[in-house]
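For reference, the structure I am asking about is given below.
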Amino acid sequence: MKSKILLPADRYFDPEPRQNKIAQHLYAAVANLPLVCPHGHVDPRMFADEDYSFGTPVDLLIIPDHYVFRMLYSQGIPLGHLGVPRLDGGQVETDHRKIWQIFADNFYLFRGTPTGMWLTHELHSVFGIDQKLNGESAQDIYDQIAACLESPEFRPRKLFERFNIEVLCTTDMATDPLDHHRAIHKSGWGGRVLPTLRPDAVMNIDSHGWDKHIHALSDISGLEIKSYRSFIQALENRRAYFKENGATATDHSTLTPYTEELSDLEAEIVFQRALNGQASAEDATRFTGHMLMESARMSIDDGLVMQLHPGSYRNHNPLIFERFGTDKGSDIPTPTEFTRNLRPLLNKYANNPRLTLILFTLDETTYARELAPLAGHYPALKLGPPWWFHDSLQGMLRYRQQVVETAGLYNTVGFNDDTRAFPSIPARHDLWRRVDANWMAGLVARGIVDMADAEEMIIDSAYRLAKQAYKLDQVQ
Amino acid sequence: MKSKILLPADRYFDPEPRQNKIAQHLYAAVANLPLVCPHGHVDPRMFADEDYSFGTPVDLLIIPDHYVFRMLYSQGIPLGHLGVPRLDGGQVETDHRKIWQIFADNFYLFRGTPTGMWLTHELHSVFGIDQKLNGESAQDIYDQIAACLESPEFRPRKLFERFNIEVLCTTDMATDPLDHHRAIHKSGWGGRVLPTLRPDAVMNIDSHGWDKHIHALSDISGLEIKSYRSFIQALENRRAYFKENGATATDHSTLTPYTEELSDLEAEIVFQRALNGQASAEDATRFTGHMLMESARMSIDDGLVMQLHPGSYRNHNPLIFERFGTDKGSDIPTPTEFTRNLRPLLNKYANNPRLTLILFTLDETTYARELAPLAGHYPALKLGPPWWFHDSLQGMLRYRQQVVETAGLYNTVGFNDDTRAFPSIPARHDLWRRVDANWMAGLVARGIVDMADAEEMIIDSAYRLAKQAYKLDQVQ
Amino acid sequence: MKSKILLPADRYFDPEPRQNKIAQHLYAAVANLPLVCPHGHVDPRMFADEDYSFGTPVDLLIIPDHYVFRMLYSQGIPLGHLGVPRLDGGQVETDHRKIWQIFADNFYLFRGTPTGMWLTHELHSVFGIDQKLNGESAQDIYDQIAACLESPEFRPRKLFERFNIEVLCTTDMATDPLDHHRAIHKSGWGGRVLPTLRPDAVMNIDSHGWDKHIHALSDISGLEIKSYRSFIQALENRRAYFKENGATATDHSTLTPYTEELSDLEAEIVFQRALNGQASAEDATRFTGHMLMESARMSIDDGLVMQLHPGSYRNHNPLIFERFGTDKGSDIPTPTEFTRNLRPLLNKYANNPRLTLILFTLDETTYARELAPLAGHYPALKLGPPWWFHDSLQGMLRYRQQVVETAGLYNTVGFNDDTRAFPSIPARHDLWRRVDANWMAGLVARGIVDMADAEEMIIDSAYRLAKQAYKLDQVQ
């Protein structure tokens, strides 16, 4: 059945006319503002190489996107049938039209999901598709996308400009030489693509291949890491290098937000055990907790904004992990506790306004109970937008309803898209802007804030707060 | 004060006209669809005995319904005053008109509760009552219900037909000979009433009277249970017997969803300790966790759908338990963790699409945090509808808002009424259908899905998904 | 920029016309009902001293209100700049016009917060301000408030009468001689101001300065406390004294709702260790748990209503605590468990309708999961209104949506303002009355309750339930 994509101008707004009209008014003020993208996972290579091509529609939209293939897998479709590469190089489907057909046949699974909303918006506004995606329209739509992707207008740099991206921050390992970022900078192209330091692989001593990462860190820093002290020096070295190359932030991912300060001696002893491959699980927990505190200390010194993304149980499904690797849709959230876990760090560093610590959570029960009260008190603490599974219409609404009454709007930091799916970026920001316009319209329609306040708030939410919190408004 | 029961045609829908109209349209498509009842606690005896009578209005509506008498008890009315029988045979109120009067005098307590909504709907549409129930109307209404209950039109089989029930699954102990189900089948009556195997009493080695249940299991299976191995054989025997008699599912209730695989030797040692009355609390936890894994293994073998209902702290109030027994309104939910607890089972069995594991929870914080991400990944996993206290208008709304964005509609399994109160079944399904029609109308009114999609979704939710997930659409 | 305060007559109601009109109708029925204030922290001195003056606008509205200054602190404004006194007597800002300017410049931080809503309402309806508070209007508004505060019409007793307060309960230490309450009573002024016994300082053996409080308790009770037995006697003595002076309730604040009954011998041993300064953390936990049970026992004896406020991690930020003391905005909620923790107390005492135990929580996840099922069963248990951070528009809505379906309206106890900010009391009650009018209007507009029921419910919620639950309707 052929039918048109539905993208009403007032989509995602409450249908009640009073609120709907205010939402349209507020949204109009931000619909065309530049996109500030302070946290995400786009590959910088695509901007370093002027002729970078996205490949087929399946290379672009399915194979790299675990939001998409996890849903298909949950309904019994093997990942190999979707072209997801095996670690052992074993055979997977290579006929991309066939993969696309499976995807289109099952696109109804995404009804009511953010992935469904983003993809529909992206297909329409990036690729000009106006038919609904289903089994019947599948090959037509494949043709249209494929044709686009061959055109020079669909090179990443062109899309970056068309998307009106003001700045895009990537996420990069501590051992990354930042060659792509340097190449972008040297190329003379005006797009602002900045690195972000994510030192998990060297900071979490129980992470896979830690010893190799430490060797790589020695190599790239030119500091032989034989001690905790030299490890800290190497990290400081990399922070300086990232900062020179435009970074304004670091990012940290841990299973819990546990923090604890070790003495230099304790830290050294644990680090030596790790170097000898003898660190215990408890060592790893304590060392990570200590390194979060060290990172806060360094942030106060060098001004890099510190982000913390705790609470994901990575690679929950070993069958998938062993066959296909990480980031394959089996990272599952866990209950997370902040009040006690984060207290040592907050007590020591978060009274200092030189620190900016941006917290994320996958446990929404912490919004009103722990995070909003903490952010409504400690000067250094700010709350990141709803993360991952909660980066959705209802997730954003819950976030606003549970955070703002206690923390205020001004202890939150606007939006970030947190995506590796570059062409979905405008759709993601648009969803946020619409949801916030509608939320603020609800405040106006209920007499909670007046229109003048709401007109400031929507610009703060859509643009200003992200830029300010991540220090992207500062000359570098 | 006499006043009429209020049951507006658009009840439970948002008053906003755009959404309200769409909700009415979607609801109309499912209002008269047959009822699929894949999980519940109706006594099969009422269909085996053609002349079964429900007794008085109090026998039908108050004495067996812990949703009703727990609320009255919470306001200081002793259970004995409501005719709830004591275990010791001690005296309780036997004047059912007096009990009914207490109930009616206090019916205002149920304002805004699902019990209030179900009862109002049931009184009106099953018994033709059009007055509001209160102290003044009490005896009139008693008369009207009593007159109905004497009529042959109110025999269970007649109501089953009038309710348009397509299939009704009961819940039955592993040691149940299924005589009633066999009698129903032999009677030639066309109603489809199927058993469901609930082996808790033999699987949870710390459950009350476990040794007696094991003896009964030996007797009915004809296998002398002297070892873990013979216990497993007896269970497999009963599963085969239930399946022969039409069962398509098993059901398991545990305090937590903890799973762990024991070796055969460990399982045997623990089982022997249990037979000797020497099993520890830890033994019980581990053995139950192991038996959940065994049940998943058996489900893959025999195709029975596996349901898991964890998280209820049963018989929280010993005074009530000792005087009146189980299921008397003092089962209280507990915080429940799935990500780590269920991992061993999911890792071993849930990549296999031959398994269907349907999870329920009493801890709504797990919807968005754990259950939706798990169901949105593992092929075997599906999410049951909001359970027990959450089987309510707001509970359903929270479920849809927290589950669907991550798991999609198609990793959920529609509705089940989970009730022993047979005449309340149409009211319960009607509430679900209305809430989902309204929720989907909200998606349409906000441009999230289009009307064509919503028209499919409402039929999926009201009818098709339950039938499919529980394999009730398969010829047997 | 000068602009007018916005306080539309239908504020906080859903904009949808059907629900909005019903909400206005229901609200009108309670808008002018007397205020029943069964729990709060107003200083009774202000009513004992006929000439009590509130000081400057800053003395009244900023320096004592941790809701206000914690938000300013969270944005990097030092507490000393706001005039918050240091424990060491060190210098803080004394120019109240300067402090007021900082506050006004930053008043936008409170957009969408309950503090913002209360203050706006209070400025307008108590002080007659009609301009929005911002940097430009700051000094004008300061002048207007200051002029009011000098007028005899703004003495506390006059405001008490103008606010139409029927009864106001304070919170008082066990060692308080209640001189102010006695002075109020003797003065012949008609305002009803009652004490509430809060014995935390003597019951929690790990609380700061416990030994001094025990000495003070000995002194005021005239009973030398050398043993657990004499401690209990002294407590009973104080309960009797408070009751003589009009108290109808006690209040208890603990980190968790853990309860455990110690034998007399165990209690004595632990108490002796505490007297000797040798009690362990475990002793403290167990003794507090035991004393909660003792308090329930005493409440059954003397009829005082028992309140429990668990779950706050007090003084999370030692820097602030050491410099400025308690109640400075760094009390942070923690996850709280009731089902298991409170079971010993509930089992032993909560089947007795002579006990009224009113529970509060800072962990909203317990509303639907634990508190509503418990309150919907145990006769003694009632649920207090949303507390502290959750005393807000969205917090109230979540409370109603998560509590009422299982516990009913009639196991809740209406509203209490829980504030030390006396002139904010009308604004707080007004917010509650509006939110509940709107919530009930939603029930009517959706056909869940009829108008006649809602008209009773709104009076119950706004007035009757609080009076009844706290026994303030009983002649004393």
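Labels A, B and C are assigned to the chains in the order they are written; within every chain, residues are numbered from 1.
The definition used in the following text is that a residue touches a chain if its C-beta (ideal position, glycine included) is under 8 Å from a C-beta of that chain, and two chains touch if they have at least 3 such contacts.
The shown structure was predicted, so the numbers you read here are calculated from the model rather than taken from an experiment.
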Overall pattern in which the protein chains touch one another (line/ring/star/complete/other): complete
Type of subunit A:subunit B copy interface by residue overlap (half), same or different: different
Intercentroid distance (Cα basis), subunit B paired with subunit A, Å: 40
Touching two or more other chains - residues of subunit B: 16, 365
Complex interface listing, subunit A residues touching subunit B: 1, 3, 6-8, 10-16, 70-71, 73-76, 108-114, 117, 132, 313, 316-320, 329-335, 362-365, 389-390, 392-395
Subunit C - residues contacting subunit B, complex: 16, 18-19, 337, 339-340, 343, 346-347, 351, 353, 365, 368-370, 372-379, 381, 401-402, 404-411, 443, 445-450, 452-453, 456-457
